[in-house]
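Below, chain A partners chain B and then partners chain C, in two separate complexes.
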Partner chain A sequence: MFSFTKEQKVFDISGIKIGGQPGTYPTVLIGGLFFKGEPDFDKAKSQLKKMYDLSRRIGNPSMPDFFVRKEEFIEDIVDFIEKSTPKNQPFSVDIIDPNLKIKILEALHEKKLLSRTVYNSIHVGTTDEERKTLKKFTPEAAIIVAFNPKDKSPDGKIEVLANGANLLDKGLLDITKEIGIKKVLVDTAAMAPGDNSGASISAIPVIKEEYGLPTGCAIHNVVEKSNWLDDFKDARKPVDAASNINIPLFGGDFAIFGPMHNSDLAFPMIAWEDILVSEYTESYFGVEPCDFHPRRKLF
Partner chain B sequence: MKNNVTTTVIGSYPVNIDNYDLMNHYFGQKEILWSKYIESAVNDMVNAGIQLVSDGQTRDPFVNIFYRKLGGCRIRERPEVIDKIQYNEPIIIEDQKYVKQIIPENRQLIGLLAGPHTLSQSCVDLFYNDEKELAFDFAEALRKEAESLQKHVDMISIDEPFFSVSMPDYAKELIETVTSGIKKCPVRVHICGDISEIIPEILELPVDILSHEFKATPKLFDAFKDHSFSQRICLGSVRSDKPVVEPVDDIIKHIRRGIDVFGDKISQLAPDCGLRLLPKGIAFQKLKNLVEAGEKIYDR
Partner chain C sequence: MPEEYYPWGGEFTACNDKSCVAVVLLNIDYIPSDKVAIYGPLKTENIGVEKIVANVISNPHIRYLAVCGDEIRGHRSGGSLVALNKNGIDKNHKIIDAPGAIPYIENLNEDAIDRFRSQISIINLIDVKDKKQIDKIIEEALSRNPSPFGEPYVAIRITPEAMIIDDKRALHSKIVVDYMGKIKKRGK
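Let's look at the complex of A and B:
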């Protein structure tokens, strides 16, 4: 285990603490809803309840990540967020299409939900129109995806954050700063198996040491894309959940752990790793875990 | 064209990269193919009538193409040397193979190497603390690339813009190192900027063609008058730093001035430098006018 020489930022995002030296705050767990498209709000309610219960029991903060695939879903999903998520809890909206991203920002603004919104995400494909809308309707925080099409190594991820890798007029960090978003989480951009997928893990300490920002990734995506695991069908779900322990092990701050219905496996696994990290960092570096750390709940 | 005068480019060509498309490849976890950008640049050169085309250096600024693949280098906020320079894998070979497949049979291909001095001067050295040693290690790596490259191109160009900023005592040996394994094709060195004070040193370089920006720095015509030399000349004839298309007559006048100085030593007509920073439409029209001017002079 290790400690970073760079001062580590800790953000309070609508009541959730994220970031810091390894062993201080537990990994924030981000579970996805509506990945397949059409929302099933009854299922979503029960999955949310389960995730929040686990979060309370174990100590790891959690956050729902709402996928929005079509414009026709925006109104219902935003209504659901307003009515069915706790008023003091953050959530993220996870959208690919820039036009939908613009529309949901307007909808979140109208419902006065931007102060709880984590925008997922800003990246090399973020359009000028999207940047303008983000300046007008600025969310509380944003996830930056450090994907560099030219270089998938940790260095390449730094490059795209720092200067845009000659694909953008400036680096992703400066773009986000210019928009006015102060709370930035860096997603190290997990790639498919065989495509430098391990770099999303090794980049975590590199980026934290360089910028001191809360860093994590969706490492479970690598498992999801694995054909090799087709030969071990029973192992797929545990491997998917277990892959997330790499994040706290490498000093990371958040895990986008996949579909929310995987909470029952993901939460105890990651909490267990958080406990191990905390024990080591306290004995070696004197880093004390925060009051709500899972290690406090274990002993 | 008659008289063996060829229209060509110095290297880079503008390209409009679709970042959203690149990001969609990430979201879909699909392989990113750069071929469409190479094709876009090469097609423009071919359609403008350029005879000796390049791959357009669309992937990166030209030095970064080399830093990205050479061992010992990394690119973060800026290129850095963090270990001994090593040649680990071919750098531009695959792109040249691709270009050869897509150009018509009556067109040729020039392979572009960033020069060792320019590479040593364009990065932050965190390992060597000795710029000569660093430059020679770059040269050795480039020698290996050049040896393979000659099998896939019709000419090799070594781009050394930094010679016009600081010409090292060992410039000749550096270029010799790079060219020592090239037996199958001619070699051009491109040095842009004001080189009027270093012409004697440039004439020592073991290359076949000297390429300079005569359009932006016309005083070079007078500077060359005092020297006799065996190399042929690539005459920079349209500006690469100004987004204004030179009329054909203006280019003809410039080439005639070049002929007055160099006569039949002129073997190539090209832009002054890479066109990467110009709008694509303007770069295309500049090349088109260059070709038309060349044809009017040499095909008459």
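Let's look at the complex of A and C:
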């Protein structure tokens, strides 16, 4: 459990606080709605309700992460976001295809939802056209993925943030600044087992001390790719949720914890860890937990 | 199966190690006949492509790589594999003209990629899902029965040099942490 010398930024993203010294704000939990095939909005609605209820009860802020795979689903998913998520809560959109990313930005702009949007994500594959569209339709915040295909160590991750690691004309942080996005969350890019998967966790304190920015990752992806766990079926879901504990333990601020239906395990586990961190950081560093911290809510 | 075959592991099924055809499955529920050398899924346009390249060049009998099924959305991994075979990589190790989002080859050296481009001809069946049609095309390739491409090529995985740490460092060379957990930048 750590405290940082570098001043730590705290962002207010459409009503949720993220960042700061460990122990101040609880870990923000980002749950995915993947919509495999035709989106099932009734199921999504009940998963959202469960996640928001857990968030209110426990204290960890939550944010839905909407995956969009096909252009034909954009309109329906954006409509669903508009109608089914609270007006005072942020959400993120997670899209891989650069062309779809451009189209969703236009759709979010038309629905006046950009002030609640966390763009997931800006990375080494971000195209010039995407940058231009982001300048025109600028979301409230963005997740920057510090993936450096040349060097997956914490140094490689910093290099891609700082100068683009010779893969880009400049660093991802400068690109994001030029676009005009002021609220930046750094995702340390969890890699598959066997590909320096631990670096995404060890990079958290390095990046926070370097930049003071809210930092986290999708460490559960490493569990998903650990095929040997198929022989331990009962353990898979608890291990998946428990992997997220590494993030607050190493000073991180957010966990992209995977499918939203795993909220029932992820929220209490992370709240438990946040309480542990808070007790230590308050006693040794004088860091007081905020008023909605699980340590205040659950005692 | 010779020990040097398929050294990079992954999700695949090895069948006839003397066969000239390997099959990459994109989004498709299809099992090729056991007359092929190896088949398995491809997911990502970087690490996934690297594993396929390293594994197929380890078996010199493989001369054709059939890539079939619906393209992987977003990643465009099938198109990126085809582009690697056609165009190679640029000075930043990016696959030239690859359609994928992050198509970088970082763990294979250029010799391995040259070998892949020389040894392997791609049978581009991206977006083809008709299993009978795929079977027929694979059968045709099998019947050509070309000679093996020399000796097995065992690709070395490029790994960054480990940093030699010459003092007591906790966590990372860029930061230090005191006994209570206070972090600061090294040297400040």
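Please note the rule applied: the second predicted complex is superposed on the first by the 297 of 299 C-alpha atoms of A that agree within 3 Å, B and C clash if a C-alpha of one lies under 4 Å from a C-alpha of the other, contacts with A are read in each partner's own complex, and residues count from 1 in each chain.
Rule of thumb we're sticking to: contacts are C-beta pairs under 8 Å (C-beta built on N, C-alpha and C of every residue); 3 or more make two chains touch, one makes a residue touch a chain.
Keep in mind it's a predicted model, so treat the numbers as computed, not measured.
After superposition on chain A, the partners chain B and chain C are seen to clash. With both structures placed on the common chain, the touch criterion links A:189 to chain B but leaves chain C unconnected. Legend: residue contacts after superposition of the two complexes on their common chain; A:297 is shown touching neither chain B nor chain C. When the shared chain is aligned, chain B comes close enough to touch A:159, but chain C does not. Contacts of A:109 after superposition: neither chain B nor chain C is touched. In the overlay built on the shared chain, the residue A:123 is in contact with chain B and with chain C.
More residues of chain A lie in touch with C than with the remaining chain of the pair chain B and chain C. After overlaying the two complexes on the shared chain, residue contacts for A:167 are found with chain B and with chain C alike. By the touch criterion defined above, A:50 reaches neither chain B nor chain C.
When the two complexes are overlaid on their common chain A, residue A:202 makes contact with chain C while staying clear of chain B.
With both structures placed on the common chain, the touch criterion links A:131 to neither chain B nor chain C. Chain A uses residues 96, 98, 123-125, 147, 149-151, 153, 155-156, 158, 166-167, 191-192, 195, 210 to touch chain B in one structure and chain C in the other.
Remark: chain A residues 96, 98, 123-125, 127, 145, 147, 149-151, 153, 155-156, 158-159, 162-163, 165-168, 171, 189, 191-192, 195, 210, 221, 225 touch chain B in the complex. Remark: chain A residues 1-6, 69-70, 95-98, 100, 123-125, 147, 149-151, 153-156, 158, 166-167, 191-192, 195, 202, 205-206, 208-210, 227, 251, 280, 284-285 touch chain C in the complex.
Put simply, chain B touches chain A in their complex at residues 17, 19-27, 29, 31-32, 59-61, 64, 68, 74-78.
Interface residues of chain C, counted against chain A in their complex, comprise 11, 46-47, 73-76, 92-94, 100-104, 106, 160, 171-175, 177, 180-185, 188.
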